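One structure, as structure tokens, below. Some questions next.
Order of writing sets the chain letters: A, B, C and D. Residues in each chain are counted from 1.
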Amino acid sequence: MTERMFIRGNEAVGWGALNAGCDGFFGYPITPQNEIPEWFAREFPKRGRVFVQSQDETGSINMLYGGAAAGFRVITSTSGPGWGLMQEGMSHIATAELPCVVVLVQRGGPGAGSVRHAQMDYLSVTRGGGQGGYKNIVLAPSSVQEVHDLVQLAFYLADTYRNPVVVLSDGIMGLIMESLEVKTIEFGPLPEKTWALRGRENQKDGMTRLIHSAPGVTPSRGMTYVGFLEYLDQKYKQMADAEVRYEMYQAEEADLLLVSYGYPSRVSKEAIKMARSQGLKVGLIRPITLWPFPTRIIREKAEQGCRFLVVEDSLGQMIDDVTIAVQGQTDVALLGIQARHLPTDGGMILPGRVLQEIRRLL
Amino acid sequence: MTERMFIRGNEAVGWGALNAGCDGFFGYPITPQNEIPEWFAREFPKRGRVFVQSQDETGSINMLYGGAAAGFRVITSTSGPGWGLMQEGMSHIATAELPCVVVLVQRGGPGAGSVRHAQMDYLSVTRGGGQGGYKNIVLAPSSVQEVHDLVQLAFYLADTYRNPVVVLSDGIMGLIMESLEVKTIEFGPLPEKTWALRGRENQKDGMTRLIHSAPGVTPSRGMTYVGFLEYLDQKYKQMADAEVRYEMYQAEEADLLLVSYGYPSRVSKEAIKMARSQGLKVGLIRPITLWPFPTRIIREKAEQGCRFLVVEDSLGQMIDDVTIAVQGQTDVALLGIQARHLPTDGGMILPGRVLQEIRRLL
Amino acid sequence: MTERMFIRGNEAVGWGALNAGCDGFFGYPITPQNEIPEWFAREFPKRGRVFVQSQDETGSINMLYGGAAAGFRVITSTSGPGWGLMQEGMSHIATAELPCVVVLVQRGGPGAGSVRHAQMDYLSVTRGGGQGGYKNIVLAPSSVQEVHDLVQLAFYLADTYRNPVVVLSDGIMGLIMESLEVKTIEFGPLPEKTWALRGRENQKDGMTRLIHSAPGVTPSRGMTYVGFLEYLDQKYKQMADAEVRYEMYQAEEADLLLVSYGYPSRVSKEAIKMARSQGLKVGLIRPITLWPFPTRIIREKAEQGCRFLVVEDSLGQMIDDVTIAVQGQTDVALLGIQARHLPTDGGMILPGRVLQEIRRLL
Amino acid sequence: MTERMFIRGNEAVGWGALNAGCDGFFGYPITPQNEIPEWFAREFPKRGRVFVQSQDETGSINMLYGGAAAGFRVITSTSGPGWGLMQEGMSHIATAELPCVVVLVQRGGPGAGSVRHAQMDYLSVTRGGGQGGYKNIVLAPSSVQEVHDLVQLAFYLADTYRNPVVVLSDGIMGLIMESLEVKTIEFGPLPEKTWALRGRENQKDGMTRLIHSAPGVTPSRGMTYVGFLEYLDQKYKQMADAEVRYEMYQAEEADLLLVSYGYPSRVSKEAIKMARSQGLKVGLIRPITLWPFPTRIIREKAEQGCRFLVVEDSLGQMIDDVTIAVQGQTDVALLGIQARHLPTDGGMILPGRVLQEIRRLL
């Protein structure tokens, strides 16, 4: 199926999941991502697929645990406070090595925050929150098409590594309308889910036995706990090595590189166009994977003397990863949503403000 | 009251809270911190203070919200999965600017993990988990006496900044028995809690009005959302500037500095004693506050050419903060719980193993 | 579709619901009714219908509320403790005048009781439990065929009266295997569900409006509270007048009439056959509706001088309704599960024991 | 302590519980009983007793289960929907044979109903709701003094029979203000709670053993399930025989007897005074225990030819018990809250309306 539509980023989540062969959506409403559960409620049942509105977000994430354990491709979506409620479940799912996709459409935090656009969940999404020690790939779309494409990639990576994958959107990306080409993307073969639970059978001794049980949950692997951690550590290193994705924009021969993801990366490109027209050597590195982070390319650019400006809709979170990458070799500046950074209070970071910062730094 | 006891770290939490004038404990059992709720259940009601076993950890953290809003000194304790369940509430409490203390006795994660000692929650505790964007001071004791003292300090800092404070212990620190001097520590004056909720009153127009209401919750401050974030940002910067605490041990004229907190810092000191006796110039920087992290002293030492070895009971989490501090000026090595780091699988990191790593690096 | 099968009573629930055009099942496992959710989990999704395992029984009943409000035919099943958890929701659904079907497969109560057969929920099912004041039709099958048929009737009556209907089964009826003719039963036309919620639309004034909203919920009817109660009272009287169903067996010229429902009515028939062969004039009135109860026919028989023996697998609950009907005109005896009534402890009420009681009374 | 106050019925619950030596209150707010938790929140902690606001009513009832199991005198209060949520727990507590007190301040049902006065929960309270098969004593006060006195009696009867006891109040009784003499009432000695849980101890074999464990929960009694039911049945019969309480008012030589409890019994007395002044022979039987119901005295009066008028603030619930008692020997009429019974819609049943009905019947 290939079809062209003009729709919102939140709706592109649904079309991406459908084309990825997703079997079921489990979620609970919260602004600014309600178009996602609404899409699944409308489109999935009539295609014989599952939509369940759970009692709350702790329910959603545990339904994902169950669906994934049975070998199905499952997805949920939420925003800030719902993400907070999913922390315990995310950690359990990662430990059980189950593949699933969580779409997090960021709103203003902390707390109940605001339903406004924001990028306040970067640290909790990239560091393995809740009871820690796990990692998950984080994909950050910056267009409606990319929302659709990265949701499909998320299912593929989840199955590849038997690990939850987060698609990190935001209130602007969710509501913006753009042209979308709906299609199935082929990523290559995947191993059969031999570990999926298929039921149980009675045995002669009166006990029941799980059929095709996952070796997943910690104590059943015949590993010690530290052995299991070592195994996870190797898996996470493998993910970190193989899955870094980013976009370079006007980055050749730049004196200043912006680092930005999601909607601010769109704003940054506009500012770069204006700056280039004024002869300023400025470009953009746009991380598509936030974990694993494109540390190497940033370090290379730092070694070449490039300076950096992180543009993010927060008080400064991704700047930690840029700082780790740069290792003190050049400066790293921040354009965030501190009031002093914004021309008018409460608004978005706009291209003019980014240009102003570029000019100040160069 | 000054009294000398020989007790476990978990029990020292109780005596510390009692001497801090704590009014109530709200919690749910989980290993390896059960001695804490047991202590409060036994000691608090007979002193006219409150102990409640909640229905689950989401209950505990929201009871803290309520108790703190009413102006009381309140505390909870938990371990990994309980911490996961508290993520949403923590973010709400930080946003409402309410003071409370959470004691997190780390167990092996991720997921249900193991009831073994570990330090796997460092990143989720220091980065503001759940729906992100907030910060909280994190205190890391390394002796039973320090558990007792830092719990008292935690209450003081919570009230000073109207912010939750986490005391980050672990399964070893919780169960180890040591001599404790129980006493009230004076930290200085605190502002009156003029914001505490005292009730409500009926008004002439038929409406009810909160009495001495907190100005706390976001929309009631007469600030815009971005203005509130800016305000929070200033508060967090103030905390970061004023509250860094650390211990230096044999750090003068050291070629190699270990960085370690909690029980591994005890192990590290033993290894340093052995190394020094062999003429190796090695010392320790022990962060007492994990957030704010002692970045400056580490950076100074890095600028002096010191190399670093992070010793932590995880696959590597605090190493991020050391790396940010060092800025690539010298090497940062890790001795974690990867199987290759441990002489015998499943055990603690032992002094001999640390010494071996010191010798390998020097 | 007409098909003949040899299956359990619990499975007949599924085939009955399917033939009634049921759209969705929502439930949580509990013995002795697990074959019901298992049937729906297996058969419904592949037919494009909905199966959801809820987080608990309070979830199930509220999912029924939601599904029914949207105009769908929805069903749940449970046993004792689950029924306890559904009490609040049942009362809300009855107040909102929403049609749905609850299959209650009784187990031994009270409390967690026993997973054995029993008839201990008669009073709570027939009196409008939880927050009281409502009524619901209760249908009591005594064969696998009747389970199948009464489930279909239940959906019809639920839609007719916009009211929940309970099918009251028990552990024996659920597990017994019998021949079943699966078929769709026609009960006649039903009014269109003009009240079903179909969504909402934005209005010019910026407000949203429910589309085809139910006039159902109390305050929206333009009735006062007492007016609404009066309206409910009239509806319940109408149900009580029109829907009484019962079976007479050998009841003509009987001196003694047994009153029994569910599996004990099967046992009673066996005993009556034996008694008749011995020349004893005994028969059976088997209520098919427990509410409304067949009061009139019992009163008529009492006026003719008939005596009564209530046979039920409890300590005596339906006997209240027989006593109300008889109005003291003749004797009403009970054969329940008091130890003195049972030949061997823990067993079923058996035909021989019933015969013995018949002989004692005549 | 004896003291005279002028207070509301809801507050008299607190003083009664305090004088009964109640150790703890566990509840959740709901109109029209909020003065009860507010009283306990204010008065209990400062006396070293426990007040906990639970997360919801399923929490409250299970906290009662725990507190009672440990041998403490515990109480909760609620209204309609909260009572619905407590149904499962009530059944478990009755099965475990644990003493506790539930104060149910009726509001208009069914569903969320209205916060108005009503008597709609009679049937669910007197029949053993939820998963059925149990019984509990129900006490119905009709003055503020009686609220206070019956709460104390409730604790005594709960301990006597190791069974939950319900005090059934209503929105009028809860809010009316009257003079109250606060005092401790002596009911006589009670057996020691040898069954109360006091903790657990480690044993040589590595297992833990409960200390002074209750023999309560079903399977631990060394009884079969039917044996346990028989035992419960005997206990309930004993309660039914020994604990019937009622008040007779002007009942000698009456042609018509009103039967009424709670606030309508106050109204009925006013109407009887007016009727007697007009020479009408009318009196009142006021049940103080609704279960066990004063069946015998009503039957005796029916045998003497008395006619009956049930006055209750519902559509007719207690009338079932009067009908069972009268056994068809005389007429039983109902004055309920059907619109045709009320002079003005939505109001209380007033003395004039009762008098009118008395005149119509005589």
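For the reader, a short list of remarks on this structure follows.
FYI, a contact is a pair of C-beta atoms (placed from the backbone, for glycine too) under 8 Å apart; a residue touches a chain by one contact, two chains touch by 3 or more.
Note that the coordinates shown come from a computational prediction; the quantities given were computed from them, not determined experimentally.
In this assembly, D is the chain whose CA centroid lies farthest from the centroid of chain A. Taking the mean of the C-alpha atoms as each chain's centre, chain C and chain D sit 29 Å apart. Per-chain CA centroids place chain A at a distance of 56 Å from chain D. Centroids built from CA atoms put chain C at 49 Å from chain A. Touching of two or more other chains is recorded for no residue of chain C. The touch graph of these protein chains is a ring, one cycle where each chain has exactly two neighbours. Interface residues of chain B facing chain A in the complex, by the touch rule stated above, are 58, 79-81, 83-85, 87-92, 94-96, 108-114, 116, 118, 120-125, 127-134, 218, 224-227, 229-230, 232-233, 236, 314-315, 317, 320, 323-324, 326-329, 337-340, 342, 345-346. On chain A, the positions that touch chain C within their shared complex are 45-46, 48, 50, 52-55, 59, 62.
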